[in-house]
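Accompanying notes for the structure given below.
We call the chains A, B, C, D and E, going by the order they appear; numbering starts again at 1 in every chain.
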Amino acid sequence: MNLEVFKVFAESNIWSALWVEIALVLLALGLLVLELVLPANAKRTIPSVAIAGQIILLVLASIQLIQMPDDCSGMYFSQMILQTPQSAIMRIFFLLGGIFVSYLGTVYLARRELPKMEFFHIVLVVTAAFMILVQSHHFVVFFVALETLTIGFYVLVAYCRTSSASLEAGLKFLILGGFSSAMLLFGIVLLYGVAGNPLLPGYSTDSMNFSNLATFITQNPTNPLVLGGAVLVLVGMAFKIGVVPFQIWVPDVYQGAPTPVTAFLAVCSKAAGFIVIINLLNGPFLGLSDVFIPLLAVVAGLTILFGNIAPLSQRNVKRVMGLSGVAHAGYLLAGVVAILCGSAIAHGAIIFYLFTYLLGSFAVFAVMAHVSQKEDEIQEIDHYENFAKHNPFLALALVCGLGSLAGIPPLAGFIGKLILFIAIFKAGLYTLLGIAILGVVISIYYYFGWIREAFFHIYAIGERGTTDDREQLVDVLKPTPMHALAIGVLVTGILVLGFYQGGLIDRLFYML
Amino acid sequence: MVVGRNPVNGAMFMILSLVGVAGLFVLLNAFFLAVLQILVYAGAVMVLFLFIVMLLDVDVVSKRSPGNLTIAAGTVSVFLLGLGFVALLDRPQMLPEPTLLAPERLPSLETPMAFVTGIQAYGYSLFTKYMLPFQMTGLLLLVAMIGIIVLSKRFENKSV
Amino acid sequence: MDAYYSSFIYLAVFVPLITGLMLLPMNTSAVNTTRSIALVGFVVPCIVSIWFAFGFYTSSASGEVYQALSSVDLGLEGLLGISLRFGLNGVSMPMFLLAGIVGLASGLYAIATAAHRLNLYLALLLIMLSGLMGTFASTDIFFFYFFHELALIPTFIMIGIWGGQGRRTAAMEMAVYLTLGAMISLVGLIMLYAQAPAIKTFNLIELKKYFQATGGATVLADNTFAMLLFGFGILVSLWPFHSWAPRGYAAAPSSAAMLHAGVLKKFGLYGLIQIAAPLLPIAGSQWIEVLIWLALGNIVVIGFITMAQRDLKLMVGYSSVMHMGYIFLGIATLSVAGMGGAILLMFAHGLSAALMFMLSTSVYRRTHSYDLNEMGGLGQQAPLLAGFFIAATMANIGLPGFANFWGEFTIFIALWNQYPWVVVPAATGVIISAVYGLRAVANIFFGEVSQSLKDYSKEHPITDIRLGERVPAIILLVALLAVGLYPKWMGDKLESALLKDYAKPQAVAPANVHVN
Amino acid sequence: MDWTKVFLSILLLPLVAALVNMLFLRRNGTTAALVSITAAFFSMVLAMIALFKCTERYSVSFPWLSLGDFQASMGIYYNPMTATMLFVVTFVGFLIHVFSVGYMSDDPAKGRFFTGLSIFMFSMLGIVLADNLIMMFVFWELVGFSSYMLIAHYWNTEEARSACKKAFIMNRIGDFGMLLGIAWTYWHYKTVNLQALEVFSSQPGFVIHGGIALLLICGFIGKSAQFPLHTWLPDAMAGPTPVSALIHAATMVAAGIYFLCRIFCILDAQTLEVIVWLGSGMVVYAGICAFAQTDIKKILAYSTLSQLGYMAAAVGLGFPGLALFHTTTHAFFKALLFLGSGSVIHACHHEQDIFKMGGLFKKMPLTTALFAIGTIALCGVMFTSGYFSKDAIIEVAYFKNTPVFILLILGAFLTAGYMGRLFYVAFLGSPKSQNSEHAHESGFFMLVSLVVLAGMSLIGGYTQGWAPFARQLVSGELDTVHHQIVSLQAEGLFSVLGILPWAIGFAIALLFYGIGAKKDALQNHLPSVYSFVNQKLWFDEIYGFYVRNVQQRFADILNFCDVVLVGGLLVRGTAGLVGVVGMMARSLHVGNIHIYVYWFLAGLIIYWSFAMGYF
Amino acid sequence: MTLHSVILVAGILFITGFLGVLLRRNTLIVLMSVELMLNAVNLAFVGFSRYNNTMDGAVFVFFIITVAAAEVAVGLAILVALFRRRQTVMLDTINQLKD
C-alpha cells in the first residue's frame, strides 16, 4: 500500500498557523505542571501566570493582526481550518474574554474554598477551542472544537461543587447541551449523507467541508434532507446562542453558574455561536437564504421581545443579565439576517457589536463578582441598594457597563447598536428594526432600574426628599489595585470606544 | 429502556441496543467501529452507568408511572417527529440509492478517502487528514478528566 | 482663521466634559476645590459662546454661512460618513449662546447649593452642559443626536439622586419615555442618511445640498418626516406625549430642570427647524395639519391643565410644556418668519423657563412648600425674590421687552398668513398663561402672610434672595432683555440663514412708508 | 432741531430713571423720587418745546426685527394728536410725580413706587409716539404691566392682590383681540404703519375691513375699561392714589381713546356704531353705579368710566378730535379730583369712606376749594374746561344720533348727581370719624400740583390758547359742530342744556342726601334700588362664577383626564401591560428540564415547518 | 439492506432517544437516552459512509464515541456530586433554579 497519498494531507497540517491556540494549550498544560512543581506558598502566582500569558499572547496576536495584509486568508489542515481576518479579530476577542474571565475568576475564587488552578486551565483550553471553532471549515473540526468547549463549560458551570445550584445548572446545561449536540450531529449526518451521494448533482467526496457543502446546497436547495440537516444544525447553534425558543435554559444556567462562568457563557460562547452561524449561513447554507431569512427574522424579533420583556419583573441580577443576553442575541441575529439580505456593513457591525458587548458585559459581571456572596446564585437587585455610596468606583463601572449594554451614548454600546441598526435598516428590515428599537426602549426599564437601585437611595438635597442613610445589605469585596486596573481598562474601553472607534473600525470593515 | 421503570433494566436494554447497532456496523463492513462500539459503549460507558446506578441506590428511584399528560405529550411528539422524519425520506429521488461497491481493505492511490474496511485506514486518516481533531480530542479528554477531578476529588483547604 | 476659531468650539464643548470627569473622583469634603474647578467648567463655554456670538453678530458675513467649521474623523467617516463636525450659523448660534448662558446660570446656582456629594452633582451638570454645547454646535446629524443623549443621561441620574418627591418613578418614566423618543428620532436620522446613498454622509451641510438638489421626494421621505416629528415630538413634550415632562420637572433638582427644560428640550425643535423641515419640505407639508392640531393641544389643553395646578413646580413644568405649542406652530408655517419666531421663542423660553425653575426652587427654600394655596405674603420678607419672580412670570407670558414677546408675536403673524383660524385658539394662550402666571405670583408673594408660612418662618427666618441666586437670575434676565429690547441683532443673521433653507415668499409692502 | 433726538429723549428719560431707580436706588426712596421727577420734568419740558416748535407732522422709523415677510419696526409718528397727548401725559404725569413726593413720603417702598411711575410714563409715551401698530402693541402691553405693578403697590393687602391680577388679565383679554387684529391688519393691508394706513385709506378704492376694526377695538375695550371688560377699573383703586390718578386721569384709560383716534382711518361704520353704543351705554351705566359707592376713589373711578363713555361716543360719532379734546380736559380735572381725593385720604389717615369723612372744608379749605373746581369741571359747569369738551360731544350726538344724545344728557345729569353727593357728604357738614376729626391740610408738594391742575381744569378748555399745531386737532371739528348746530338752529337749546343737567343734578343730590349725611340716603330710603345699583348688573358675580365654576372646573377636568388617561392609562398603562407580559414570560421558566425539552421540541418543529414552507 | 433502511433505523433510534429525554424522570436514563441519540447518529454516519463510499463518516464516528464517553463521564460526575447534596436523581426535583 502506498502511503504517499496521505502525505498530501499531512503536508497541509501547518501547525504554526495555529500558534495562538497552541500557545494557549501549552500555557494550560504549563499550569498543570506549575501546580505540581511549585511549593504550596508560591501557588498563588498561578492565576497571574495565566493572565500574564494571555496578555502576552494578546499583544502578539494584536501585532500580527495589525501587520496582517487586508486580503490574507488561508486554508490549512486539509481545508479544515480557514483563517480569515475575521478569525484573527476573533482571536483578539476571545483572548480578551479569556483574560477578563480569568480576572473574574480570581475575584470569585478569592472568597471560596474551591480548586483554583483547574479553573484557569479549563478557561484557557476553552478559549483555544473557541478560536478553533470560529476558524473551522469542516464539520469534524467544528464538532470536536464545539464539544471541547462545551464539555469545558459543563465543568465550569458546575465548578462550584459545594453549591447545589451550580451543580444543578451544570446538569441542566449538560442534558440540554448533549441533547442539542445530538440534534446538531443528526443534522450534520444528514448533510454529510446527502451531499456525498454520488447520484446527486454537485456531490463531493469530502462532503463535510464547508466549501463543498456550499457547492452542493446551491445545486440542491429544495432537497428535504438538505433542509432538514440545515435546520437541525441551526437548532444546535440556536441552543448555543440562546434564541427563541431555545433561550429557555439561559436564565437557569446563568443563575446557577459561578459569576465568571456566566460572563464567559454570555460573552464568548455567544460570540462564538454567532460567528459560527455567520460562517454557516454565509457559507454552506447560502443557497438556503430564501428559507432562512424569514425564519431568522421572525426568530430575531421574538428573541428581542422575549429577552427584553422577561427581565422586567426579574430581581435576580444574574437572571437579568442572562435574559438581557438573550435580547442582545436577538439584535445580533437581526444583524445576521441583514447579512443574508445583502447589507455590506452588517458583518463588521456584528463583530463590532460583540466587542462592545464584551466590554459592557464584563464591566457588569466584574461588579457582580465583587458583590457576589457565599451563595452566588442569589444576587438580587436589592443587594445594590446604597451601592454607589459605599463603592463609588464599582458603581461607576456598573453604570458604564449597564449604559453600554443599554446602548446609551456616549458609551461603546451605543455605537455598536448604531452601526448594527444602520445595517439592519439598509437591508430593508424595517419591521425588525422597529422591534429592535422597541426592545431597546423596554430594556431601559430594567437596566435603569438596576442603576436606580444602586444610586437613587443615597442622597437628597432637601428638595422634598430626606437623606436616606441606610447601610448596605451585603458585604462587597473591595477591589484590589489589580482588580481596579482591570475594571478601569473596561470602563476606559467603554468610554473610548464610545467616542473614538478609529482603529477597530478600520480593521473590521476593510478586512472582512 | 424508554418505557421501563427500573434504571437497571433500562441500562440492560440500552446495552442490548448498543450491541445491535454494533451488529449493524458489522453488516455495513465497519468492523473496527463495531469493536469500538462494544468496547467503549457496552464495555466502559454502560458499566459506568450501572456502577452509578448502583452507587446512587436504586431504591430511591420512584416507581411512579408517567402521568397521562406526559404520555399524551409523548405520543404527540412521536407523531410529529415521525412525520418530520418521514418528510425527509418521502421523496426517494432526493436520496437515491448509490450502487454499493465491495469495499477494499486498504485505501487506494486514486481515492485515498474511499470507504475501506481495514483498521490501518483509520490510523492513516486520523494521523494525517484528521490530525488536528484527533489532537483536540486528546485535549477534550484532558479537560473532561480535570473536570471530573474538580467535581469529585476531596480538596483540602490549602491549594493556591 | 476657521481652524483657530473652531478650536474654541472644542474648548466650549470639552472643557465642561473634562472638568466634569475631573470632579468625579474628587473627595467629597474638598468643597472649595470642587467649586472652583466646576466654575471653570461653567464659565468657559459661556465666555466662548458670548465671544462667538459677538464676533458672529458683528461680522458682515451672511447668517447662512457656517462659521468655525471643523471636522475630525473619529473612526466612522469612511464607514458611515460620521465625523465630529462643528460649525455655527445663524440658526444654531442663538441656541449655542443659549446653552452657554443657561449653563452658566444653572452652574452658578448649583455651585451655591449645599447638595450632598456636590462633586457628583456638579460633574453630572457639567457633562450635561458639554452635551448641550456639542448638540447645537454639531453640523453632523449623528453627533447632534449623540451629544443630546450625552446631556440626557445625567438628567435622569440627577433626578433620581437629588430629585424631590416621586423622583424614582419620575426618573424612570422620563428615562423610558425619552429613550423611546430618542430612538425614534435616531431612526429618522438614519432614514435621512439612507435616502442620500450617493453622498453617504451624516454631514448636515452636504445633506442639505443633496436634498435641495434632488428635492428629497422619495418614497421614504414621508415616513422619515413622521419619524422625526414624533421622535422629536416626544422629546419636546408635544401633546399628548407630554406626560413625562411635568412630573419629571416637578421631581428634578433645579439646575437639572433649568438645563433640561431650558436648553435640552430645544433639541427636538432645533432638529425640526435645522434638519427635518429644510431637508424634507414636501413630506413636511403633509404632516403640518397633524402638527398644528397637536400644537394647539399643547397650548389650549395643557394651558387649562396648567391652570388647574396647585403645585408651583408642576405648574411651571406644565407651563413649559404649554409654550412648546407656540414653537411648534411657528415650525408648522414652514416659512422664514415662523421659523425665525420659533428660534427666537426657543431662545427666550430657554432663558425664562430656566429662570422660572430656578426661582420656584428659591421660593421653596424659603417656604418649604410648593402648594400655591398654602403660600402667601412672601413678598414682604423677600421683595427682591418677588421682583425676580414677577419678571420671570412676565417674560413667560410674553411681555414685550422680554425676548419671548418677539417670538410669540412673530409666530402669530406668520401663522395668520397661512392658517388664520389657528391663531385664534393659539392666541388664547396669551390669556391662559397670564391667568396662571399671575395667580401664582399673587398667591405666593401678595396678600397677607399665610398661616403655614408664619409657622414655618418662626423656626426658619426667611431671608431675601442671596448672591448665589441673584447672579444667575440677573444673567438670565439680562439675556432675555438684550434680545427683547432690540431683537434685530439676532434676527438679521437668523433671517439670512433661514432664507437659505426656506424659499422666500413674496415680500409684503415695507412696513414703514415715509410720506412726509 | 433734530426732532428724533427730542422725541427719543422724551421717551427714554423716564426709562433711564426707572432703570437707575431699579438698579441702584431701591432702598433710597427720596433720591429715587428726585430722579424720577427730574426725568418727568425734562420730558415735560421737551414735550412742550415740541408742542410749540415742531409744527409739522414728523415721522421716523427704525427697523427692529426682520424675519422673512415679518418686518417690525419702531418709529415715531408725530401729528397734532401726538402733540396734544404728549403734552397731557408729560404734564399731568409730572404733576403726579410731584404730588407723590408728598403723598408717599412715609411709604417704605418709595423706590419701587417711583420706578413704577417712571416705567409707566415710558410705556405711555411709547404708545403716544408709536408710528405703527406693533410698536403700539408693545407699549400697550407695557402699560398694562406697569399698571399691574402700581396697583400691586400695597401688595400685602388682599384687595391689591386680586385687583392687580384682574386688571392685567382683563387687559390681556382685550389685547388678545387686538393681537389678532394686528395680525390681520398686517396681512390684509400689508402694513401696520399708521401713517401708511392713513395714506392708503385716503386713496380711492380703499375698502375698510370691518372684522379687523372689530378685533382692534378689543384693545380699546380692555384698556379703557369699556363694557364688558370694565370691572377691573373700580377694583384697581386698591393702588395708591397717585396711581389711580395716573391710570385713570391722564393716561392709561385715555390710551384706549388715543388708540381709537390713531386708527380712526381703518374703523368702518359698523364698528363706529358699536363704539358709540358701548360708550353711551357706559356713560349711563357707570353714572348709576357710582351712586352706590361709598369709597371716594371708587366713585371717581366710575365717574371715569362714564367720562370714557363720552369720549368713546365722540369717536363713534366720527369726531376723534373731540374725543381727544375731552380726554385732555378730563385728564386735568380728573387728575385734580383724584389727587384731591388723595390729599383727603392722606389727611384722613387712609380713610376712604365718604360717610366717615365730613367737615373737611374746615380742616383743609384749600383742598376743598380745589376739589370743588375739579367737580364743577367734571360736571361741565359753564366756562370750565369740561363744559367745552363735553358739550361739544353732546352737540355732535344731537345732530348725529338722538338716542345717544339722550343717554349723554342723562349721563351729564347723573354725573352732577353723584359728584354732588360726594362733595356734600365728604366735605361739608361735620366730621363723622376720628380720622376726619384729625385731618389737616396737605403739604406743599401735594398742594402745588393740585393748584396747577385746578388752573388747567379751569382754562384747559379754551382751545384758542392751545398751541397752534395741537389746535389743528380740534379746531376743524369744533367748527363743523358749530356749523351744524347753527344750521339746525339749536344754539338756544344748548345754552339751556349747558346748565340744566348739572344744575338739576346738584340740586337733587343736595335735596336727597343733604349736607354731611351720615348714612347713604339711597340705602336708607330705597334699599332695593340701592342694592340693585350696588350689584352693578352682576358683572363681577358672573365673571367670578365663570372663573370658579366654569373655567376652573374645566381645567380640573382636563387635568384629571391628563393625569388619569394620558399619563395614567396610556403611558403607565402601557408600561404596566408590558410588565404583566414580563411576569408571564418570567413564569415560563419553571426550572424543569422536561418542560425545556418540550420547548426544544416545539422549536424544532417550528423551524422545520418554516423550512418546509408550512408557514 | 438499503441506505433508506439504515437511515430509517437510525431515525427510529433517534426518536426513541428523543422520547426518552422527553419522558423519563430519572436523570441517568435521560443521559442514556442522549447516548442513544448519539448512537443513532453513529449508525447513520456509518451507513452514509458505506453507501457514499467515503471514509470521513466512519472516522467521525470515532470522534463521536470519544466525545460521548467524555460527556457521560462528566455528566455522571456532576450527577454524583448533585446526589450528594440533594439525595435525588429525579429531574422533576432538580428544579431549584427557576423563575
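In this text, a residue touches a chain if its C-beta (ideal position, glycine included) is under 8 Å from a C-beta of that chain, and two chains touch if they have at least 3 such contacts.
Not measured: the values here are computed from a predicted model.
Common partners of chain A and chain C, by the touch rule above, are D. Hopping across touching chains, the smallest step count from chain C to chain D is 1. By number of C-beta pairs in contact, D-E leads when D-E and B-D are compared.
Centroid distances built from C-alpha atoms place B farthest away from chain C.
Averaging C-alpha coordinates per chain and comparing to chain E, the farthest chain turns out to be D.
Every chain gets a centre from its CA atoms, and the centre nearest the mean of all protein CA atoms is that of C.
Chain geometry summary: the mean Cα position of chain A and that of chain B are 29 Å apart.
Here the CA centre of chain A is 77 Å from the CA centre of chain D.
Chain B and chain C have Cα centroids separated by 69 Å. Spacing of chain B relative to chain E, judged by their CA centroids, is 6 angstrom. Residue numbers of chain C whose C-beta contacts span two or more other chains: 176. Along chain B, residues 73, 77, 81, 84, 87-89, 95, 97-98, 107, 111, 113-114, 125, 130, 133, 137, 140, 144, 147-148, 151 each make contact with two or more other chains. Under the contact definition stated at the top, the residues of chain D that touch 2 or more other chains are 575, 586, 589, 591, 593, 597-598, 601, 604, 608, 612.
Per the contact rule defined earlier, chains pair up in contact as A-B, A-C, A-D, A-E, B-D, B-E, C-D, D-E.
By the touch rule above, chain B contacts chain D in their complex via residues 73, 77, 80-81, 84, 87.
Those residues of chain E that touch chain B in the shared complex are 1-4, 6-9, 11, 13-16, 18-20, 22-26, 28-29, 31-33, 35-36, 39, 42-43, 46-47, 49-56, 58-59, 61-63, 65-74, 76-81, 83, 87-90. In the complex of the two chains, the chain E residues touching chain A come out as 3, 7, 10, 14, 17, 21, 27, 30-31, 34, 37-38, 40-41, 44-45, 47-48, 51-54, 56-57, 59-60, 63-64, 67, 70-71, 74-75, 78-79, 81-82, 85-86, 91, 94, 96-99. Across the interface of their complex, chain E is touched by residues 139-140, 143-144, 147, 151, 154-155, 158, 161, 164-165, 167-172, 174-175, 178-179, 181-183, 185-186, 188-190, 192-193, 196-198, 203, 205-208, 252-253, 255-256, 319, 377 of chain A. Touching chain D in their complex are the following residues of chain C: 173, 176-177, 240, 242-244, 247, 301-302, 304-309, 335-337, 339-341, 344, 377, 379-380, 383, 386, 390, 394, 399-401, 405-406, 409-410, 412-417, 420, 423-424, 427-428, 430-431, 434-435, 438-439, 441-442, 445-449, 486-488, 491-492, 494-495, 498-499, 502, 504-516.
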